[in-house]
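After this come two complexes, each holding chain A, first together with chain B and then together with chain C.
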Partner chain A sequence: MVNLILNGLANGILYGGGLALLAVGMNLIFGVLNVIHLAYGQCVMVALYAVYVFAVLLHIPIFISCLLAVAVSALLALLIHVSVVKPLLKAPLINQLLALAGVIIVLENLILATFGSDYVGLQISFPVFSIADIFVKVSSLIPFFVGIITLILIWMFLTRTYTGLAIKAVVQDREMADLVGVKTDRIYLLTFVIGGVLAGIVAACFAPIYTVHPHFGAGFTLTAFVIVVLGGLGNLVGGSVAAFLIGIVSQVAGVIFSSEIGEILVYTIFILFILFRPQGLLGVKVRT
Partner chain B sequence: MKRLNRIALPATLGSLFLFLMVAPFFLPLYWIHIFILIFIWASIATAWSYMARFGVISLGHGAILGIGTYVTALLFNFFGISPLLGMIIGGVIAVVFFAGIGYFCFRFGVIGHYFAVTTLVQAMIVYLLIMYFRDFTGGSLGLTLNPRGTNPLFFQFEDKIYFYFISIVFLGLTFYVWKRIQKSKIQRAMAAIENDEAAAESIGIPIVKYKTIVTAISSFFTAIGGVIYAQYMMTLNPDVLSSVGASLDIAFKAILGGMYTLWGPFIGTTLIIGLEEYFRVVHGATLIGWSVAAYGVVIIVLVIFFPQGLHGTIKSVFGKRVQRTIK
Partner chain C sequence: MLQVEGVSAGYGKFNILNNISIKVESGTTVIMVGSNGAGKSTLLKTIAGVVKPAGGEIYFEGARIDGKAPHQIVELGIAFVPEGGRIFPDLSVYENLKMGSYTSRARREFQTTLQEVFELFPLLEKRKKQVSGSLSGGERQMLSIARALMSKPKLIMLDEPSSGLAPKIVTHVFEFIETIKAQGYSILMVEQNVLKAVDLADYAYLLSTGNLVYQGKKEEFLQNPEIKVSYLGI
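Then we have the complex of A and B:
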């Protein structure tokens, strides 16, 4: 039992790295555009299929396939932004959500129509090693380390470059940012595409672990949003802490009870947080 | 224009009503089936709009459907309790769950995006619960009701025509409730809330109470509508009755028709079920997946170009014309 929990803990921490990456994209898009990207999980799913197409069907080396998949994901984000999100930026919230739900329907069924509903995967097996009875898959180390490196890069981008600072400024106060000369339209587009790139990186990391099917992405969107709320809007550190917490909770509850209970637990934590601590884990309550 | 409306509107409605009353006696079975689906889902979409028209957007009505239908069906299958009683129990449990969490959300000021996602998460939780208790609920395979033939006491009828009239009466009931809310004190209070929540609260309007009441009414009728659907289909499918997709479908229907008008959700439902059936029947067999993707594109286009819904857009266009003639 203790062993199971320790295993769950280790896997949860590793899983959390990937989740943190997933949530950063969501966090940026929600913070900058004030849009919940409901189809985010589906974008990851499409990128996973892209990895599959390049690596398995076209026999391109895996590393280059992953880079190509990131590019595909960025293009997809660009397409979604121009055709769906941009016309609806000023629309009521429900219309934005429904249009993005429409994007879910389109993406899932286009994939279904082209690839069928079978599971596809890379068919690479990575070794498993154990440290004192805790079994760790090498494949789950990849999202962990790539996640942390990407997070550091994103953090540096947001704090060290002009564009990054402009993005942060729009999150804090879009009208003022507009007033001091930030091209908000361009920032919106850029943020959405960065979200797409991040989705692509997530997919590249998850490709060796998961086999995909057309309805694969749905859970990712909600998990990502749960992490955004738990971590606090615009808070990268909080988001990372929340991601590891969610990873650990879902994996440990998963090995003790079942994966459904793990997810239910995560969503219950989300509801409790949104009611009693809406500013997130590390957030500070702002007096209005 | 106005006089024309006074004669034309009742005349159209009257003939539509007459048509609907006699239609099931000569229409083919397939069409009766489509009509029943439209009536049931239109009443659910109308119930959804009770909340939505006051700015309380729920994306979690799947949770209500799931609780209402599964409680009713499990009570019937395992304890033999008639669905007529069961749907009241299921409806009340759904109300307690959904309006209960809703109460805390309103109490702690969870609004907008956050409220919408909270409701979405509730739909997800109910779906996962159905999956977890798959020994009783059948999980993703669905749950089939024990057949009892045609037995009004157990709310089972073999002939579609019974459900045709049951669903049309239920639709009428949801319309009646819509009108009642429209005339009540709640409507004016909620309109004030929608305009300026802080100002409304400062003059002493009990926001939390009214929002909770509207949510409870909406949940109850949604649950009953779900049970009628389950009794009609005789089988419960978690993807249709509790998933995130189911919740979004209800919102789609109301939004596309126009969620601020009485007929909006009905028009939206007719449109969506019509589109779905068209793509399924005409292109479904040859273009698996493509037809649904095309349906998704149509939805996106409608949302972008008719932000107020079809009925809402038509109404506002006509409204402008009337105003112009007055000037």
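Then we have the complex of A and C:
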């Protein structure tokens, strides 16, 4: 039993690494643009299909395929920002949500029309090795290390560069950022595209693990939502912590009971937080 | 240096300013006084580019600036210290000052400007790693003014710098402004604390419900009987 739990713990931590990237992407977009990216999971889904197209259909080496998929994801983010998000920045929340819901439907149906509804996957097997009695899947190690490295890079970007500082300033007081000379329109675009890059990296990490289909995105968006609320809306550190917690809970519950129970547990925790501690674990960090 | 001609502006359907014309000569301190809602803040925000004027023109050093975006106005040399200071609360004192030098013109001279600002405000150097949300009201105002200096401005606009501060702190704030004035900066200041503000001024304007009702050099201003009664409480 202890072994099972340790296994779940190990794989949960690893899984959490990839989820943390999703949370950071959503939190950045919410913090800077004040937009809830309802279609984020679908962007990950499109990037997964991109990996499939490059690696399986075009026989491009897997690593290059992943890089290309990240580029595709960034491009998609650019398109969505310019056509849907930017024009609606000052519109009421409901308009933004409805428009992004529309993006969900467009993306899913574009993929459906192009690839059909069959599951597609990478068909790569990665080895599993064991440390003591714990079985670690290499396919889980990848999202973890890539996730941690990306998180560190994002942290360095936000704290060590002028543009990163400007992003933090925009989150705290957009009008004042304008008044010190920040070109906030460009910051909005940059942040949204960074979100796209992160979605692409998540896709690259999870490509070996998942087989994907057009409606795959919804699960990711929901998971990202749960994590982001749990960690505190807009709170990058909180979101990262929550990602690991959710990763652990779902994996451990998944091995002890079943993956369905794992899901139920995660969403029950979510509901409890919304009811009793809506500011999340570490508190909401959004524009006043 | 700054010329506002016949500017009308407001928020949506509410027209706050009616046909206002004011002038700030290089190296002088100009104040605008008037009761709440007179439109003083709106005028500063219009010059800063936050509010778009409905009519009229604004010139800075001969070039037309009305309708430009706020970041362009800063780049041209006008710094705005809004009411309450509005420092970035989760950034440190140092990071706030760094943001002050964001424009490409100011960035090149960031280190030199920082040293100059630290000489003027040694307290800020001592506290440079402190998260600015934890500073006191007076310290925040000091930081906000220092941040404005970091953009290497030619004109500094201050919106009610004494607002919400205790009387002793207000004296300190006006001392900083006096220091800035002595450095040769042009200052356009909006204030409700008329007595203290007029002391610093070279020229003054009185606004009432969106209209310019009086203007004059400091001495004339202080002599005007209506102003003495309504605004100076004499």
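Annotations
Everything below uses one rule, namely that the second predicted complex is superposed on the first by the 277 of 288 C-alpha atoms of A that agree within 3 Å, B and C clash if a C-alpha of one lies under 4 Å from a C-alpha of the other, contacts with A are read in each partner's own complex, and residues count from 1 in each chain.
Here, a contact is a pair of C-beta atoms (placed from the backbone, for glycine too) under 8 Å apart; a residue touches a chain by one contact, two chains touch by 3 or more.
Everything quoted here is computed from the prediction, not taken from an experiment.
Once the two structures are superposed, chain B and chain C can be ranked by residues of chain A touched, with B on top. Legend: residue contacts after superposition of the two complexes on their common chain; A:165 is shown touching chain C, with no touch to chain B. Within the superposed three-chain model, A:180 lies in touch with chain C and out of touch with chain B [touch as defined at top]. With both structures placed on the common chain, the touch criterion links A:84 to chain B but leaves chain C unconnected.
For chain C in complex with chain A, the residues that touch the partner chain are 48-50, 69-71, 74-75, 80, 82, 86, 88-91, 95, 98-100, 102-103, 106-107, 147, 151.
The part of chain B that touches chain A in the complex is made up of residues 52, 57, 59, 101, 104-105, 108, 110, 112-114, 116-118, 120-122, 124-125, 128-129, 131-132, 244, 248, 251-252, 255, 287-290, 292-293, 295-297, 299-300, 303-304, 307. Interface of chain A with chain B (complex): residues 30, 34, 36, 83-84, 87-88, 91-95, 97-99, 101-106, 109-114, 218, 222, 225-226, 229, 258, 260-261, 263-264, 267-268, 270-271, 274-276, 278. Of all the residues in chain A, the ones that touch chain C in their complex are 162, 165-166, 168-169, 172-173, 175-184, 285.
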